[in-house]
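First the structure, which I've put down as structure tokens, then a few questions once you've had a look.
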Amino acid sequence: MDLLGALLLVAGAAFLFLGGLGLVRMPDVFNRIQAGTKATTLGTLLTLAGFACLRPDWAVKLLLIGLFILFTNPISSQVLARSAHRAGAEKSPLTGVDRLAEQEGRPS
Amino acid sequence: MIVQVALATGFVLILIGIYGALTQRNLLRMIVAFTVANSGVNLVIVAVGYLPGRTAPILDATVPAAEAAARIIDPVPQALVLTAIVIGLGVTALMLAFAYKLYEKRRSLDIARFSELKW
Amino acid sequence: MSPILTGMTVLLCLAMIVAALAAIRVKSLPMAILAGGLVSLILSVVFLILAAPDVAMTEAAIGSGLTTFLFFFVLSRMRGGEDD
Amino acid sequence: MIRLVIPFTALYAVWLGLNQSLAEDVLWLGAAVCLVLVWLFREGLTVFAEIRLSPRSLMATLGFTAYFLRELVRANLALARIVLSPTLPVHPGIVMVHTGLKSPMGRLMLANAITLTPGTLSVELQGESLYVHWVNMTTSDTEAATADIVAGFESYLKVMYG
Amino acid sequence: MVETLITLAAILAGAAFLMALYRFLQGPSSADRVVAFDVMTIIGITGIVLVAYMEGRGIYLDVALVYALLSFLGVIAVARYLERGY
Amino acid sequence: MIKRALALLLVLALGGLFASLMSAYAPDPELNPTARYYAEHTAQDLGAANLVTAIIVTYRGLDTLGEVTVLFLTAAIVGLVLAQSRRRIPHQPVPGGELLATGTRLLTPLILLLGVYVFVNGHLTPGGGFQGGAILASGVLLVLLADPVKPFSHGLISVIESLAGTLYVLIGLAGLALAGGFLDNRILPLGEFGQLFSAGAIPVIYSLIGLKVGAEFASMLASLSETEDL
């Protein structure tokens, strides 16, 4: 059980690391938000699961923390993406289409 | 080790905050520097109360009341800092309200424009 | 004291000093405010390492949302005056 | 009435989880606090009550959770492949997709699920159209993108929230 | 064995924290810095749970709860400022 | 330029002072007598598990009353300073979007519940009135962020605030009459150590402080949010 927990911890930390790496390497704001949100959410959930394996008596509180993260994290990144788009954040030149800007009648 | 690092960081934060508050010209930047110095002071006070190898002053199954005196750290600085943080927010709000009023009068946040009290 | 906690303390303290320097050096005012918020967020983890959970909780509750919001709110009321 | 019982139950469950105790005083105080909160937020809390209470909906909830967790892991593996490859193979774009969901909670769940699944991030939700940032855009056509991104979740959420 | 793995996990998370800090200092636009801020708060939650585990005190988890539920408020405050929401 | 050099000089002098303080500092191996007294006597005398709470609410209760008063004054002054800048023309900020609105409806009750949990359990777990009050105000802040033009209910906030303040002072006076002194928590039975209803009046007092602090921060937010755009 302890070993499983520790392995989950390492897996979670690896995803956190990938999130950080994505944050550094990705070309524009939206891609960075993608890397930041997904990797950190799964990474944190996995580390919480790992701690729950290491200390089973903490499981309920860790579950609550995980639930809160699962709800707050996507909402904050959605609000951030929307505001970045509205504030006219620079998009990487690779970007294909931007239907939202077309819809609002702004140059994409 | 931890205490020394935390103490040093607290002192450095105080110095950075004071330097910022003295050299900035923008009122809001001065207030930001003040909050940084405030954080530094709080960190120093908490670090002074820490004793190596001990744990938080909360009694439960892991720290029974009988052996509390040998296992916990000093709770008094924590009580001080706890209230200091809350008052700090109040003070920040007050400073911001005054900055807003000053901006309303002068349309500027530059400290050099407020020269009535200069001597 | 375990090496993990010591390492965490050193890392967080360094990050805090860097963020504090950014708070007084960075060009744009909103980012200076955000760096100030970052100082208090990291500070709350350091308080927890220093065995002060009450203080850590206060700092987390006040430093993360309320202080940052107050600054940004006042700033949004005076757009245009932020540059001088 | 049932619209207020469900939020009360949810809040009470969170309260018990926080306290981790079934002592009598915890139970009574929690009931009082949750009643006050439910009364204060009686309009906003209807989002808790939009889920349908039927065996079929329960099955869909389980299916949604399993599908969501699988997609979450897949999303991260795909992201890992992108981030770790030296050339950084991204072709991003913001596409429009359609959703037929009406209930606010269902739409929130859909947008959150899209944010956490492979290569997609919801940017804006206006009426029926949901704007999604896609890291590796394969099509800019609305219908095709809808089938690709939304359809998997929507079939479950339709049963759960209607 | 378990100790080693936990140390490894801590090092990985610390590296992620440093990279987010780099993006915070470097980030060309404001939104980039806010993303980095968000990521740092989430890694902070993991750090708090790690401290609780190392010290063996379950009550520290309350701090993580408050952190998880309130750290996103700061992000939303900045995001709404950027889009002129108040 | 001369100003900057002077500031640098002052910072260097302070830095030297701090460095000398640092170099002589060694952590005490033992608790000092005051802390030792608190550690040994709190559990039997007051029945509180969290010593910080015991110090704030009971041992140094009078200071806390003063501090809540300072906070009240701050909120009042913020309101007063900004009173002449009330908005006359309605302004039109960018709306928060549907997802944030739904998320707010979902999360605000949870944040308030967490705040209540934090201040009710102040004598058992980390937390208490000040933290709980800040969390309550954060719940209000989330509503404000999602919908900035929503009118604030000043009446409810000030009723909660004055009610909590009055009850706080009354409980303190009851301590003077029925137990050892002002704000003594032993006017209620101490109960079983570690239960929710224990430690005498500490949970009641801390809940009142929590409500008062939350109401004060909320009124600060309200008076700021009603100012005019400049």
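Chains: A, B, C, D, E and F, in written order; residue numbering restarts at 1 for each.
Just so we're on the same page, contacts are C-beta pairs under 8 Å (C-beta built on N, C-alpha and C of every residue); 3 or more make two chains touch, one makes a residue touch a chain.
Keep in mind the model is a prediction, meaning the values are calculated, not measured.
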Item checked: Touch-network distance, subunit D to subunit E, counted in steps -> 2
Next item on the list: Considering only mean CA positions as chain centres, point out the chain farthest from subunit B.
Entry: D
Next item on the list: State, to the nearest whole Å, the distance from the C-alpha centre of subunit B to the C-alpha centre of subunit D.
Entry: 39
Next item on the list: State, to the nearest whole Å, the distance from the C-alpha centre of subunit A to the C-alpha centre of subunit E.
Entry: 11
Margin query: Quick check: how many Å separate the C-alpha centres of subunit E and subunit F?
Written below: 24
Item checked: Contacts with 2+ other chains: residues of subunit F -> 50, 52, 94, 96-97, 99-100, 103, 106-107, 110, 114, 118, 125-128, 130-131, 134-135, 138, 141, 145, 217, 224-225, 227, 230
Item checked: Sequence positions of subunit C contacting 2 or more other chains -> 5, 49, 51, 53-54, 56-58, 61-62, 65-66, 69-70, 73-75, 77-78, 81
Next item on the list: Would you give the residues of subunit A that are in contact with at least 2 other chains, written as numbers and ranges?
Entry: 21, 33, 41, 61, 64, 68, 71-72, 75, 77-79, 82, 86
Checklist line | Contact pairs between chains, per stated definition | finding: A-D, A-E, A-F, B-C, B-E, B-F, C-E, C-F, D-F, E-F
Notebook entry, point to check: Considering the complex alone, what residue numbers of subunit C touch subunit B?
Noted result: 1, 5-6, 9-10, 13, 16-17, 20-21, 23-24, 29, 32-33, 36, 39-40, 43, 46-47, 49-55, 58-59, 62-63, 66-67, 70-71, 74-75, 77-78, 81-82, 84
Next item on the list: Report the residues of subunit B in contact with subunit E in the complex, numbered from low to high.
Entry: 55-56, 58, 60, 62
Next item on the list: Over in the complex, which subunit B residues touch subunit C? Could you list them?
Entry: 1-3, 5-6, 8-9, 12-13, 16-17, 19-20, 23-26, 28-29, 31-33, 35-36, 39, 42-43, 46-47, 49-50, 52-56, 58, 73, 78, 81-82, 85-86, 88-89, 92-93, 96, 99-100, 103, 107-110
Check: Which bits of subunit F are touching subunit E when the two form their complex?
Finding: 93-96, 100, 107, 110-111, 114, 118, 125-127, 131, 135, 138, 141-142, 144-145, 148, 225
Item checked: subunit A to subunit E touching residues, read off their complex -> 2-3, 5-7, 9-10, 12-14, 16-17, 19-21, 23-24, 29, 32-33, 36, 40-41, 43-44, 47-48, 50-51, 54-55, 57-58, 61-62, 64-65, 68-69, 72-73, 75-77, 79-80, 82-84, 86-87, 89-90
